[in-house]
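Structure record follows, encoded as structure tokens.
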Amino acid sequence: MNSPAEPTARAADPAARYRVRTQPWYRPVGAEVEQFEAAWGARMPMMLKGPTGCGKSRFVEYMAWRLERPLVTVACNEDMTAADLVGRFLLDRDGTRWQDGPLTLAARIGAICYLDEVVEARQDTVVVIHPLTDHRRVLPLDKKGELVEAHPDFQLVISYNPGYQSLMKALKPSTRQRFGALDFDYPDAEAEAEVVAHEGGVPAELAARLVQVAARSRNLKGHGLDEGISTRLLVYAATLIARGIPAPEACRIALVRPLTDDPDMREALDAAVATFFA
Amino acid sequence: MNSPAEPTARAADPAARYRVRTQPWYRPVGAEVEQFEAAWGARMPMMLKGPTGCGKSRFVEYMAWRLERPLVTVACNEDMTAADLVGRFLLDRDGTRWQDGPLTLAARIGAICYLDEVVEARQDTVVVIHPLTDHRRVLPLDKKGELVEAHPDFQLVISYNPGYQSLMKALKPSTRQRFGALDFDYPDAEAEAEVVAHEGGVPAELAARLVQVAARSRNLKGHGLDEGISTRLLVYAATLIARGIPAPEACRIALVRPLTDDPDMREALDAAVATFFA
Amino acid sequence: MNSPAEPTARAADPAARYRVRTQPWYRPVGAEVEQFEAAWGARMPMMLKGPTGCGKSRFVEYMAWRLERPLVTVACNEDMTAADLVGRFLLDRDGTRWQDGPLTLAARIGAICYLDEVVEARQDTVVVIHPLTDHRRVLPLDKKGELVEAHPDFQLVISYNPGYQSLMKALKPSTRQRFGALDFDYPDAEAEAEVVAHEGGVPAELAARLVQVAARSRNLKGHGLDEGISTRLLVYAATLIARGIPAPEACRIALVRPLTDDPDMREALDAAVATFFA
Amino acid sequence: MNSPAEPTARAADPAARYRVRTQPWYRPVGAEVEQFEAAWGARMPMMLKGPTGCGKSRFVEYMAWRLERPLVTVACNEDMTAADLVGRFLLDRDGTRWQDGPLTLAARIGAICYLDEVVEARQDTVVVIHPLTDHRRVLPLDKKGELVEAHPDFQLVISYNPGYQSLMKALKPSTRQRFGALDFDYPDAEAEAEVVAHEGGVPAELAARLVQVAARSRNLKGHGLDEGISTRLLVYAATLIARGIPAPEACRIALVRPLTDDPDMREALDAAVATFFA
Amino acid sequence: MNSPAEPTARAADPAARYRVRTQPWYRPVGAEVEQFEAAWGARMPMMLKGPTGCGKSRFVEYMAWRLERPLVTVACNEDMTAADLVGRFLLDRDGTRWQDGPLTLAARIGAICYLDEVVEARQDTVVVIHPLTDHRRVLPLDKKGELVEAHPDFQLVISYNPGYQSLMKALKPSTRQRFGALDFDYPDAEAEAEVVAHEGGVPAELAARLVQVAARSRNLKGHGLDEGISTRLLVYAATLIARGIPAPEACRIALVRPLTDDPDMREALDAAVATFFA
Amino acid sequence: MNSPAEPTARAADPAARYRVRTQPWYRPVGAEVEQFEAAWGARMPMMLKGPTGCGKSRFVEYMAWRLERPLVTVACNEDMTAADLVGRFLLDRDGTRWQDGPLTLAARIGAICYLDEVVEARQDTVVVIHPLTDHRRVLPLDKKGELVEAHPDFQLVISYNPGYQSLMKALKPSTRQRFGALDFDYPDAEAEAEVVAHEGGVPAELAARLVQVAARSRNLKGHGLDEGISTRLLVYAATLIARGIPAPEACRIALVRPLTDDPDMREALDAAVATFFA
């Protein structure tokens, strides 16, 4: 489990390492593919907005595959520092050695850099992207005294869930205004059922009933639930059913209990399950 | 007490080190074993909910034994950092050396990784599990520049006590919706008495009386007590009685005083003890 | 991606590295060029005030090019420490080695040092500039025991957005009173349309319509919007249109969605788009 | 005053170093000795509750002597980290070297580990003891990648003063329910006078009068005093009297002024002194 | 830009390095020069109070020149630690090496140590000066195990702006009572005009009008302005006028805009400018 | 200014280094000398309470001289860590080397350890003294794995100003009850005038008038002043007068301005000065 910190042969071609090798399964819901391609053509930084589990990460992966670009993904969090993105000096046998962070790496190799849930990050993380998102397209590594000029193919993409963001965590206008924005939502019922059947391995009719349970839960968003049942949870429920767990029990395990501990909400969701899986 | 930091022979087979060697004593209360097996079959991340000391940790240990998987357990706390889970560079004779954290170790060896009381952890700990809990099943070690692909047998399990969690500590929807969930509670009276008699070394009749004391305390939950008397404390009381401490005194030591300092609550619990051990 | 920390040949002439090589496109809106030149003549520290994306950074870049001075830009943030500006000791094969920060570097080479959004920084960052901004023109490197006397051509410039600064983050009087100040605002409609057409690659007539959408949004500032649509976003919208995205959709992607998640505000902005791109 | 960090000969037998060599003077007040022995027999983790200076620490020391076990005591505080208990890597001539913390040491050598005032500690300190306090009896050293199995004689004891603990600092139920609990209080008047006379070197009659002053102060607990006069302070007063300080003045120095700065409380306590030492 | 951390030849005579080489231009406003000389004669620690930019720093510099003492100036801030003042160990080829901080340096070489805006500092910074400011005149370097006895000529001077200090940041009585105090204010109109004309390079009559604008602003202090226009800003305005910027515009750049963003205050100040520069 | 960190010859006899070499001038105000001697005889930990500048530190110095004990003084502050008191590992040519902190040093050499303003310290600093202040008289160096037994002559003394301590900073009962306590206050008028005349070098009559000014200020304590004028400030005023500053001006510099910025308080104090120095 222990390995030396020296650069390995594999690290010698990071672009290959971050390449998306097989086509991700993605089902477009509008013109988002063409719109993203136009934005990529202009290397315009993009912001993807939408609820949990509706497919934003999958979409970026699909676009990276389609555009044949490496994809560097970073799950942001409130304890992440600028150095976690940009890089830091490591202590070595011969003194300090610089280690690029994922953002610097992406800028050098011309990757799409995807900062997932960027509003969770502290401001220093967010501000660090500014010079990469205007006409300069540079990343100053102040601690190293280097000014990285972004590879011509580099593009920055961030995601953001407007559903449960507090005011404290809103992006500053000086950051927001550096991005074009695409809105995402759950697919329509037919499309979603297709996804659930395909990924969960259940018949179309059963998938359609699961989607109807989700629809009920999404109407409760803002009335006791932070979020409705996501497509991902529907796939979980389908998977359990496919493995022999009775449908009502699978729905409780995968759709109801993960979502809420509130007894009233649980009762409402259990009723929705009972309606479709009596 | 001092030992070199070099990897030892034992560390060479961590999977063996984390194997559960003897069958843990576990008494199922429903279909949870089959449900967990179905979830494990799909490598679905699981969330176990329930009150203190009701057997969640024991259940995971039992399932790891039954599925013949190594088990890596981490007790989460609010000061734990992402590096505590993922790993860090240590300074060595020859510079820095990477040390896998327990999550990384578990992902490499295909263990069940059990994050106990995960809501206690800071967000960076929680977010770090995201890429391991969707279709990617990877763990990016940003500081090392490595992308760990999880072993096919790796599964993530978290536990969570909905009884006394503050709103501040609720899991974000984008995290919750990555897990299937099983609910746990104290076993029914007969089953619990069987546990207490078996583990505490007392006759069944005495164990049954202890369980009745616990039942009274559990009715006080939310009315002055955060939690009722757990099965574990019942085993403690039985053990003291088996070692010659008079039952009323053993109940005070093991059941009443650990639970509360409130005089009214103590009086109520003492009365319950007196009822069954007069 | 890994490189030694030793000073490279390029680092040997940092003044050249920070030179602005090609004339930035800048369209003056008043006497600001002459005023800045007079301030630079006296090496008076300057503060540029104005909303997001109105051209403050571009102006500094233009002045640096015009005055033939290197430009060192630092995007400030609330987690930046004084050491990030001034420098720090790095550990080396032979012990510690001092690494100038961007402010120290700028003071040595006679650059214009531009601290972007300085009010975001912590007080230690802000206080560190005091001795550089009065008659002393020195920078004490306390940790190194060196007193850097600023190059005769060194000038400090800071920017500041009075629109959404909280009281907590206001500059202290003892800092404010070290700067002359220039106010910036969006250019007038004709000038802005010229910018949008030039940079976005669209006909003048279309650019003029985009500018009219922005004007509507700027009237909403303080009535539900933190900031109106910036010139930068107008250029984004124009770019998408030039790449074939229908104008209403391009406006939604580049002008409406990045600005706000509020449904009422979105509706108002969509109406403005519809007025000019029906 | 400077010494190398290498393990010394003395460190080679830490069990001997932590052995209680002479019998501590302890006067039992109830069945606590037998109860603790029963708990120790089952290696049950124990929690000692009671006011300041009533003899909890002395009791643990006495039991360690009686059971012939080494005693490792840790005074907990809110700035203590988990590493302070568990251990850490130190930098050495040959790289990093692991240094066991007191809890790890105690677990290895089979000591009684006494965490004094445990509720003062941060949660990570408290959570770290969980796996040592259930059926597992292990201590995972995550940073070292070692799973320490506790010595069969290891027992964990914590103390806790319910008198002035804030709600913020209450132990979580999941921690409380891992311990049996013994209540402590000041000894009765006769027993306490015996202690004061024995340790302070004064006649029994004088000691009895000091105890009566303390009794008055303890009635003020919760009515302006956080705690009454402890046995320890009574011994102090006796000691000063034995060294020639007049009794009223000795009482002011050792009993009144340490306890409170409140003028009303001081007056009340001075009156109590005057009653018995007029 | 990179230099070794070894002591240079220049560092060998730090007293020379911190000597004030040319006479600072200072115009006394009362008996402050004689009073400071008497305080210096007794090596009494001194506290200078007064508004921003009224000449406190200049006065200290002048007194250091007059008394032929080196001057070590430290701009305090809330993130400064005691180590920043006292010194720290640096890592070296041969282990750690002690680096004196500015306060220690000043105590060794007999400098005047000037802590500018000391109330901004954290308490550990402030407390560290205590043993230097009573009869002991020592500075314990606890981390080094050295007790520095101050040079007979060492004197400590602190400054402090009572105008906008919050209660939170007031000096503790135990600190305040270690200093004599001199009050400073802006010079009277005639004296200030002389300063402005001398330093800004404008005729006396124009300087007098600028001073009248400042007088108006100072009447607004506490009624919407934190501070009035300082002498420094008047010099800025004069300098811009001397370089050809029209007087009303120069006043806006140097007097009005740096001071406030409040529209009402700006209007009031603009009116004051118009009165004297119509 | 730079010196190696190796132990010097001087460090070889730290007891000599901390010896009080000349008799401090101290004028007893009651039986405090005899009382402290009795406490020292029993090695009882002592707490000195009283207002700023009333002579607590001088008293400890005097007692250390009288008892012929070394004196180790530590000015406490809220940023001080336990390691600042106890010691830490330093990095050396040969790895880490332990450096005793002042408390450890004092315990080893049998010094009086004086923690000035101990309530300012964080809890970990305060708790660290517990095992030194009960019958154990040990100091566990957990990080070093050493248990220091205090020298038979070691005594701990702390000081504490009850005048302006917030509730947040009160000592915990478990700490308070480890100390005997002596109260200090300003000396009576005659004694104080003697001190002022002796230390300030002014005639007795003038000193008496200064003391009368102080008396007026002390009546204002709690009515607008945190503390009255201390003896130290009176000595300052006398010193300035002895150096030729007119008495009213000397009083303003040394008595009035250091104490308060409140205009009403200043007026009241100025009036007191005018009464005695018209």
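Note that the chains are named A, B, C, D, E and F in the order they appear, and that numbering of residues resets to 1 at the start of each chain.
Everything below uses one rule, namely that a contact is a pair of C-beta atoms (placed from the backbone, for glycine too) under 8 Å apart; a residue touches a chain by one contact, two chains touch by 3 or more.
Chain identities (UniProt): A, B, C, D, E, F = CbbQ/NirQ/NorQ/GpvN family protein.
Everything numeric here is computed off the predicted structure, so don't read it as measured data.
Q: Counting hops between chains that touch, how far apart are subunit B and subunit D?
A: 1
Q: Show me the overlap between the contact partners of subunit B and those of subunit C.
A: A chain counts here if it touches both subunit B and subunit C, which gives A.
Q: So which chains count as neighbours of both subunit A and subunit C?
A: Expected: no chain.
Q: Considering subunit E as a copy of subunit F, what rotation angle in degrees (nearest 5) results from a C-alpha superposition of the former onto the latter?
A: Rounded to 5 degrees, the superposing rotation is 60 degrees.
Q: Look at both sides of the subunit A and subunit B contact and report whether the same residue positions are involved, with over half shared, or different ones.
A: different
Q: Among the chains, which one keeps its Cα centre farthest from the Cα centre of subunit F?
A: The chain lying farthest from subunit F is A.
Q: Using mean CA coordinates as chain centres, what's the subunit C-subunit E distance in Å?
A: The computed centroid separation for subunit C versus subunit E comes out at 30 Å.
Q: Please report how many Å separate the Cα centroid of subunit C from that of subunit F, as a whole number.
A: 51
Q: With chain centres taken as the means of their Cα atoms, state the distance from subunit A to subunit F in Å.
A: Inter-chain centre distance comes to 59 Å.
Q: Residues touching two or more other chains, restricted to subunit E: which are they?
A: Residues 1, 11, 14, 91, 94, 99-100, 105, 145 of subunit E each touch two or more of the other chains.
Q: Report the order of chains around the ring; begin at subunit A and proceed in the direction of subunit C.
A: One full turn from subunit A through subunit C gives A, C, E, F, D, B.
Q: Under the touch definition given earlier, write down the residues of subunit C that touch subunit E in their complex.
A: 7, 11, 14, 31, 34-35, 38-39, 41-42, 44, 47, 49, 81-82, 89, 91, 94-100, 104-105, 108, 122-124, 126-128, 130-131, 134-135, 140, 142-145, 147, 162, 172-174, 176-183
Q: Inside the complex, what are the residues of subunit B that reach subunit D?
A: 1-5, 11, 14, 17-18, 52-53, 57-58, 73-80, 84, 88, 90-94, 99-102, 105, 116-117, 120, 161, 163-164, 226-227, 229-230, 232-233, 236, 239-240, 243-245, 249, 253-254, 257-259, 261
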